[in-house]
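Both complexes below contain chain A, partnered by chain B and then by chain C.
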Partner chain A sequence: MLTKLKHHAGKWTLAAALGLGMASSASAVDLTMYYPVAVGGPLTKVVDGMVEDFEKANPDINVNAIYAGNYNDARIKALAALQSGEPAQTSVMFSIDIYELIEQGAIVPYDDVVETEEEKAWLNSFYPALMENGKTQGKTWGIPFQRSTIVMYYNKDAFREAGLDPENPPATWDELVEAGKKLTKKNGDTVEQWGAMIPSTGYPYWMFGALAMQNGQTLMNSEGNETYFNAPATIEALQYWQDLGNKHGIMPSGTIEWATLRQNFLEGKTAMMWHSTGNLTAVKNDASFDFGVAMLPAQKRRGTPTGGGNFYIFEKSSPEERKAAIKLIRFLTEPERTAEWSIGTGYLGTGPDAYATPELTQYVKDFPPAAVARDQLEFATAELSTFQNGRVRKLLDDAIQSVLIGDKTPAEALDSAQKQADRLLKNYR
Partner chain B sequence: MRSSNIKETIALQLENGAAYLLALIWMLPLIYAFWSAFHPSEYATRFDLFAPLTLDNFREAWSRAPFARYFLNTFILVSIILCAQFILCTLAAYAFARFEFPGKSLAFGLVLLQLMIMPEVLIVENYVTMSQIGLVDSIVGIGLPYMASAFGIFLLRQTFKTIPKELEEAAKVEGCGPFQILWKVYVPLARPTYVAFGLVSVSYHWNNFLWPLVITNSVTTRPLTVGLAIFGAPESGVDWSIITAGTLLAVAPLLVAFLLFQRQFVQSFMHAGIK
Partner chain C sequence: MIRRPSQSHIHGWLLLMPAAVFLIAFTYYPTIATLAKSFFSQGNAIKPSRFVGLENYEYLLTDEVFWKVVGNNIIYAATTIPISIGLAMVMALWVNGKLPFKSLARMSYFTPTILPMIAVANIWLFFYTPDIGLIDQVAGVFGISGHNWLGDPDTVLGCIIIITIWKEAGFFMIFYLAALQTLSPELEEAAKLEGAGRWYYFRRVIFPLLMPTTLFVLINAIINSFKLVDQLFILTKGGPDNSSSLLLYYIYEVAFSFLDQAYASTLTVVLLIALAVIAISQFVFLDKKVHYQ
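Right, the complex of A and B next:
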């Protein structure tokens, strides 16, 4: 009993001492932030630089910014840290991890953390299309940071050579096929230059999200518990993708490597490629020919999924830490820094005010392709994101690839993917 | 007589041909890495015998990440792990091979069980343990879960068991205690096994990625593989020239060591029976 009392007394003195200490040092807060690097190059330095600036502006907050591999690695790392009680307050993670993070109780909605009117207004300062992957159940869980859409890069020199108007890239599915046929150059049986390439390894579901949207169909609902893999419009979209290679011969049949596609484009092996806008700066730096960037073509409408990483705030954090995290996230998503980030990478400016900054305005004026991804946002939709995300995504990826390599018909493959997805998602309805 | 000779020659040549073919397939990624690392990025996926050679990719890769520090970290890491494994596995294997104690087969069963569990499954659990003993973000923390290697214990136990008991008895007659017997009889005779296991262990931990990534937070602890990963860019595709240059930098010490000591390695593997 006595020892117990002593123990308690000890705790109180400690708490009191801590309280005093905190008051005297103006309550310094330590934040740990994880971030993945999803585009190549020295971007860790850019992030570290921005964090340094933040610490200078906020001497009472120490930020420990930790680079955490790719999106998958970052998620594993963050969840492991949270599980063990290691401190971590905020992280940039894949926008589509939202349901998994909610299910694990790992993150808090921003609505519970923001207080002032100003902060609430900040929540609404981003492009709505970029918020789709960050909102569910009527709350905001993710703030867009490194976000992208798919755009079509095309080789203007190749267009001129084929007698096509380089300022008038294909705007519909039919035009894409037509232009692709003119652009495909053969030497005997070997193709020297393909008309177009849509990558089908790495993130096939992402590319497919664009095709489906263009055919007027989303792949899932906003609650993340239902998929539309075998809707007629989805099947049509996959048929079109397969036809590009098999029927029209403007794209290699079989799968196309995500990771080498940029290189193929830069070497002139394909006249058009669909790829992330996150590639823009790299293409700009390395292209030895005149290239253009266009919105993806339309069938019933234009369409692309958004992609990339959002800021999340972890549930295991004190109110002070959450407040500090909001400060940090607001700092990193300020228009000037978003503009700098966008120019450095090709990622989207996440809000209209970023494009209103002098730097980005000037950049877009000098380099109009930088505006394409932004203008396309009007037609953008959420990236495939559901509960049991990894497994559902894999079902769709496998279905797409089995169709492209000719193992199954689109209807067969997508029917079976839908059936299995239904089984996985049944419990969340 | 003659025809069977011819048949044998043909069979031998076929075998040789197949071996060369396998070797070539195995080496292709390495050959490609050399190609694209030493040429400007325009030639990364295009073959041109007269493409200009360059070292720019190495310079670029080296400047983008603190490779020197990463090398040091990896070197410390594999050394610590290897030393700890040799000590722990030797002692455990000796006990399992030559001593009788209650619960021996159960304990050995548990060791074997560890062989069947992929370390990746335990990442979160291991992280929790490391965090409890305060070893997150330390080189020891990366190595600790691997130090009591079941594979090493098993391998050494099997080797110790093949060593004739007479040698041990002779040593006893000479007045050796159990530790002296271990040190003077068993360890020297198991040398090929140590070399073979050491090679497997070093190359595994040199290349290990996911666990070190999860457990490390700073440049001072990160091994090479984790440092190398900033060149991999899932969203934008990879700059092959730079990443192959970085990869060559990372594997160079192992590659050179293997080429230098190739004969010893191969012989050890033959002796140790790991194929």
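Right, the complex of A and C next:
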């Protein structure tokens, strides 16, 4: 509340300072924007700072940027605000919420809002892989803002100790198993160091999207009304994941906790881990050993899903407000600000021009792991996103977990998940 | 001064009004709205909500996840309730006796209660973490190899149950302690004069006199066994494969992750009915066994 007051007070002084001579306060546009932060506190300051810069550059637009918790909270809050008639013109929300938002009639496509050729060109200035989760039905609904991919962190010291080349991390599934076997250290029955860990709580479907893509299979179509959970390549991918624990013994069997995995890696309990690029800065700050970051290994090809949040424009907004929202979004996704954002967080720069800025060029030069996620974008695909997203995601999550804990075979679990997903999605075809 | 009856009626109703307004706004209206909603389909911009009768309930009968969480919840209730009440009673008797550092012992038993559940869950998350967690490190000293406590469907619900007992027993202890302090010391003296042993004294005197407290604690414990799901958000999110999911957590998932308020209402109605049946049967059957002084 206090911060809100301060915020308002700040705005009034700002408005007073800038607006004394301007009698055009009647034409000022108020924008309300919700945004989530999925990786921790100080980022809200970065966003607030950028919004303030925008207000300075555009005195006729007032932006009320509201931090709304994690992705789930942000969606609930924004939708609740819209339903209760509270104004909200734009928000950052989970990129995979797109179908849900379309179905609720909550958002408008950018194609209906942009006017000039220049603005249309702007729509095409982002990495295509990051646009996949924002496009459907031939239109663009989401603009990438805080986006990530999965990368493989590995312990170079452990690699040296096991007689592996620390500059040559495993690049294929077979190499991963081979290296994993060398890296798994046992003392009697107790494993002192595991070869690799892939987290399977929290977002199992996300990790699985990477394995499936590496086996040449996407999990759904771009209309969001069909899933490919029981395609042969999908089943193979889940079999491989289960084998890592049960057959090859390089990963603990059962599920692996998302939240404590980073700690496992930092304490040397696993030599490799798959995790979000969002962890890069934290690992960099806390690792007591030499670590490396690599692209995920390939089977038929390399692959990873993207993740993170997009900008949406809400349907309940006037033409002026939409124009102002576009201005704001363009401002926040300018290369310089994207570069600043990427350095501060570990999130991806959203377009090639961000990596061309002097700041990010220098940062990548000093800290090469920061470039891995960008280079991997070439092989990236959309994160699992369909109509009835919450339910469909849970079907896949449960199937994955039931296989990893040994209750079901991959074919059984995925067949059943596919059947139930079909039942949910057939109304949308 | 003599009032006419109608006047005192108005007076009574006015006194009841503040409480009644809140109860209606936050309890009865939501209950009725939930019940009504459970007979409608989930609407959206393309398909508006429509009356579907018992369709949501039919789906519930075929919903495997629902039956699994009901089973989990029954196990959860059947273990957390008696164990935490039993422990609470033992702890209360212990810290009520003559004991050096009595207040310290009381405080340490009560500490888990004052910690927020979310904080507790974050601490326990690192207790349970395989290999690097506290439990595995202690076990490692004795040569027992690590176990994936939260990742194994056979142990995960047990882990959740232990946290709940740890958290609740201290809370219930406070009620027992208060009750024990109201017992007249003459009872103990009389029992001693009659030559009653400590166990006999507990069984025949203390335990019956604690019954009103036990009833109160029992009701609380039962409500909590359906209500306390905060730890799941941090520890397991109901996984692996719903092995640790409880009814209320599933309702949350359906309502806010699946955005299906119609089905969430249906599940809520089932939960309400279950709780109502338990509460009524408690008051009908158990009340006879309770002796109020």
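Observations, loosely collected:
Everything below uses one rule, namely that the second predicted complex is superposed on the first by the 403 of 429 C-alpha atoms of A that agree within 3 Å, B and C clash if a C-alpha of one lies under 4 Å from a C-alpha of the other, contacts with A are read in each partner's own complex, and residues count from 1 in each chain.
FYI, a residue touches a chain if its C-beta (ideal position, glycine included) is under 8 Å from a C-beta of that chain, and two chains touch if they have at least 3 such contacts.
The shown structure was predicted, so the numbers you read here are calculated from the model rather than taken from an experiment.
If you put the two complexes together on chain A, you find that chain B and chain C bump into each other. Applying the stated contact rule after C-alpha superposition, one finds that A:233 touches neither chain B nor chain C.
Residue contacts after overlaying the shared chain place A:123 against neither chain B nor chain C. Contact with neither chain B nor chain C is seen for A:46 once the two complexes are overlaid on the shared chain. In the superposition on chain A, A:76 makes contact with both chain B and chain C.
When the two structures are aligned on the shared chain, A:202 is found in touch with chain B and with chain C.
By the document's definition of touching, of the two partners only chain B reaches A:275; chain C does not.
Once the two complexes are overlaid on the shared chain, A:371 sits clear of chain B and of chain C alike. When the two complexes are overlaid on their common chain A, residue A:103 makes contact with chain C while staying clear of chain B. In the superposition on chain A, contact of A:263 is made with both chain B and chain C. Listed for chain B are the stretches 19-27, 127-135 or 217-225, of which 19-27 clashes with chain C, judged after superposition on chain A.
Applying the stated touch rule to the two superposed structures, the overlap between the chain B and chain C interfaces on chain A comprises residues 76, 202, 259-260, 263-264, 267. Those residues of chain A that touch chain C in the shared complex are 72, 76, 100, 103-106, 188-191, 200-202, 252-257, 259-260, 263-264, 267, 269, 388, 390-391, 394, 397-398, 401-402, 404-405, 407. For chain C in complex with chain A, the residues that touch the partner chain are 44-46, 65, 125-126, 129-133, 140, 145-146, 148, 150-153, 234, 236-237, 239-243, 253, 256-260.
Every residue of chain B that touches chain A in the complex is listed here, in rising order: 41-42, 44-46, 64, 123-124, 127-128, 130-132, 136, 210, 213-214, 217-218, 226, 229-240, 242. On the side of chain A, the complex with chain B involves touching residues 37-44, 64, 66-71, 73, 76-77, 79-81, 83-86, 148, 202, 258-264, 266-267, 275-276, 278-279, 282, 286, 288, 307-308, 346.
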